[in-house]
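See structure below.
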Amino acid sequence: MNPRPDHSQLVAPDDGIARGDVLLDVRNVSLSFGGVKAITDISLNVLKGEIRAIIGPNGAGKTSMLNVINGFYTPQVGTIIFRRKERCSMKPHEAVGQGIARTFQNVALFKGMSTLDNIMAGRSVMMKRNIGWQMLWRGPALKEEIEHREKVEEIIDFLEIQHIRRTPVGKLPYGLQKRVELGRALAMEPSLLLLDEPMAGMNLEEKEDMSRFILDVNQQRGTTIALIEHDMGVVMDLSDRVVVLDYGKKIADGPPDEVKNNQDVIDAYLGVPH
Amino acid sequence: MFYRTAGQFKTTYQADHALFPVRQDAVLLGIVLILAFVVFPLTASEFAFRALLIPVLIYSLAALGLNVLTGYAGQLSLGTGAFMGVGAYACYKLISIFPEMNIVVALALSGFFSATVGVIFGLPSLRIKGFYLAIATLAAQFFLVWLFQKWAWLYNYNASGAIQVPNIDFFGITVAGPRAPAIVQYYFVLCIVCLLTFFIINITRGRIGRMWKAVRDMDIAAELVGINLMKTKLLAFFVSSYVVGIAGALFVFLWRGAAEANLFDIPLSFRVLFIAIIGGLGSVLGNFLGAILIVALPVVISSVPEAFGLPLSSATVEHLNIMIIGALIIAFLIVEPHGLARFWAVIREKLILWPFPH
Amino acid sequence: MEFLNNVLVKPFADMAAAPDFLIQVLWEGLVGGVLYALIALGFVLIYKSSRIFNFAQGIMVVFAALTLVGLHERGIPAYLALPLTLAVMFVLAVSIERVVLRPLVNQPDIILFMATIGITMFLIGFGELIFGGENKVMITEQLMIPTGSFEFEPFGGFVSIEQKDLTAVIGAVILVAALLYFLNKSKIGRAIRALGDDHQAALSVGISLSTIWVIVWFIAGVIALATGIVWGARAGVSFALEVIAFKALPVLMLGGLESVMGAIIGGLAIGILEKVFEIYWGQPLLGGNTEAWFAYMLALLVLLFRPQGLFGEKIIERV
């Protein structure tokens, strides 16, 4: 097998935060829908350069947590500090501008578009040429299109999906769709990448591939990653620190080994009555 | 055997981003353009210009405008006819207030009027989705046609309530009005349609086109990759209504010669929608194929039985026409929801492999 | 000042000055509203059971009325023409299910919606081809609908209520009551509602999709026939009147696509409001004929504040 090409030129943007410092700080956040409490008073932080896992049984509030982080839901209580800037509410598309990208539990690709177009769509925000140049397809617009195409081709190489470049993603098998979705998130050049169950529904081989991509993204590009995953083996191997949620509350937080032996966590997973 | 893509390698992304990366496609387009610019004008009769060629071009343009909104950005509109009307009335007022204005300038400006109205009626699309939005576009349809009837200033207080196109010169040649020769009008329309089609192709294959398609395919995901839904949808309404408005101005000025408010009513909106559906939503080529079919169908229905010695009354032709169009739409949706354009794509794929089965 | 007076004060002064006329206007609006509600009801029924937005519902009204009158014109007596028309509507329901719905099952909503536009066009062409495109008179007397009118003199004024309108209102109430009873109490009614909630779940407990669809489209056809008779008695029968069928659409926007009550209340509200607006604001201030768009603008305004309509279910977006 060929050695993996070096993609170190694809680095995460410099956001002035040193490796190991706090990149994202969520403080005392609560979220409820009507009378249903999804998240109760949770605080957690993500350090620059780490892989942070969020785990917990079904309905523990993991996806809600990601939705709060990238602005899809606005929490009723609490503050979120990202890149040293505090924010309360914002539109999801603004989160992308600040450097947060994500993938979804159920693949959320643009089904009618090709792999290439899907990943290019991830770069929409970075492309600035106005409609006047666009309709001529000359000069700055063409130059911009080609610059971004080069970046996208690097991602396509990195994820080993060259052969499906022109295939409409609706026709791809599930595992490849997940990979394209990762590609689209990478195309946004995020400083924080949120992955919502990146390995759900995959077979062992696909899981191994995906783990390798996640590690490579983290190590070669220096991208900070927060992920939700149910496969405990994967979580314990990949992540630097793990936070465990249950019924919308935080019950443990720490390195994988420590969390694994925490009595509350074991109870939550085995289902001790509350 | 003649349609091979093998051996045509691209060494730069620029070459890969050409309008026709495959050489044969470019040749084919060349042939079509030669037909349109040289062969048809030399051979077509006055009837062919007025009954087939000019309406096909104008309907194609209107359907192209609608396709931007419905096929690319996924916002179903049932009010195309009214937006064509805005373009036509705007052009009429511009020409009557500034008789010296160049017709091309007037056309380009009238597009901005319909685009503005389009954006206003597009605002609900930020809150309303799907069927509800489709019905909301009918609000534009009925309100605007009512306005065309009641606002006498729009038709210069004519007793008839209709707008009449005066003779208009374009650099010394009469292009519109009763004195304009059909061949001149044909060339004029052809040039405008080619230019706008070129612009739309470029817009739809670049960043803006991808943003539209992203909103169409999954609006929540589009928002979460950083696409501003409001701007993207309103831009689609703007561009779409701009093109539709120009098509409406051409419809009256270069083809009908006169128009009453009810010309822009529901049936026109539907005819344009059918062209877009039968041609293929989300395709540029499809609009032209669909327009050819819809414009030619009544001509065929009336002339074929006549050739067999069974002339039909004009009312019967019209009824049969509506019935067949309805059946065609259902048939297309069942057999090939992506319309005539997809048929061409399938044929093309077969040609690339021919004479081998795989 | 003059303008404000004309918009805000004068219409109400007019209403107070001639209460008998106001009553007449309200009654006319109410009858119109009953018709809108009936058309909208056909929509809701089909939407609830199959998630299809049936654009053809309005045309089915005209088609049913045209078939009835057309059959009578060919010498078939009314008591035979009526069941024959019902049979035609049943055949129509079966053919739509066979030819259109079955091949398109599981397609995106928008494709099915466009298919119903295709049905609309086909029915217009087909109906005109067979029965002719000219305006026809509804066979009101042959169907034993009374044609006289009741006259009152409240407040020293004069109000006239046509008996056929009154019959229409009473007929509509009975029809709606029967329909609600059928939906809530009968086995098929429950199956229809189950299909609306979840197709696959309903299929997995043994509800036959195609049977239900035929039944639902047939019921929609019966409602269409009833609407067609009433409406034809008021305005004549011809496809030129298809525009009135478009009036049912804002009723749906207002009432929500899935709510039977919404369709009824929305229909009545729009019927009355548009009449009142036309008489007191439209004709004196805007040159009249505001009924062409008033319902749509009203519905649009409501939707801007409640995107799911007044009675629709709230949409929660998830990822």
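A, B and C are the chain letters, set down in written order, and residue numbers restart from 1 in every chain.
As a working rule, a contact is a pair of C-beta atoms (placed from the backbone, for glycine too) under 8 Å apart; a residue touches a chain by one contact, two chains touch by 3 or more.
All of these numbers come straight from a predicted model, not from anything done at the bench.
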item: Chain with minimal offset from the mean of all protein Cα atoms; value: B
item: Most remote chain, CA-based centroid, reference being subunit C; value: A
item: Distance between the centres, which are taken as Cα means, of subunit B and subunit A, whole angstrom; value: 41
item: Centre-of-Cα separation between subunit C and subunit A, whole angstrom; value: 49
item: Subunit B and subunit C, separation of their C-alpha mean positions in angstrom; value: 33
item: Shared interface positions of subunit C, touching two or more other chains; value: 319
item: Junction residues of subunit B - those touching two or more other chains; value: 220-221, 224
item: Overlap residues in subunit A, where contacts from two or more other chains coincide; value: 72, 104, 108
item: Residues of subunit B touching subunit A in the complex; value: 13-14, 16-17, 19, 198-200, 202-203, 205-208, 210-211, 213-214, 216-218, 220-229, 235, 239, 282
item: Subunit C contact footprint on subunit B (complex, rising order); value: 76, 124, 127-132, 134-136, 138-139, 142-143, 145-146, 149-150, 220-221, 224, 266, 270, 273-274, 277, 315-316, 319-330, 333-334, 337
item: Contact set on subunit A toward subunit B in their complex; value: 70, 72, 91-93, 95-97, 101-102, 104, 108-113, 117, 120-122, 124-125, 127, 129, 131, 134-137, 141-142, 144-146, 149-150, 153, 184-185, 188
item: Residues of subunit C touching subunit B in the complex; value: 53, 99-100, 103-104, 107, 109-111, 113-115, 117-126, 128-129, 133, 243, 246, 249-250, 252-253, 257, 286-290, 292-293, 296-297, 299-300, 303-304, 307, 309, 317, 319
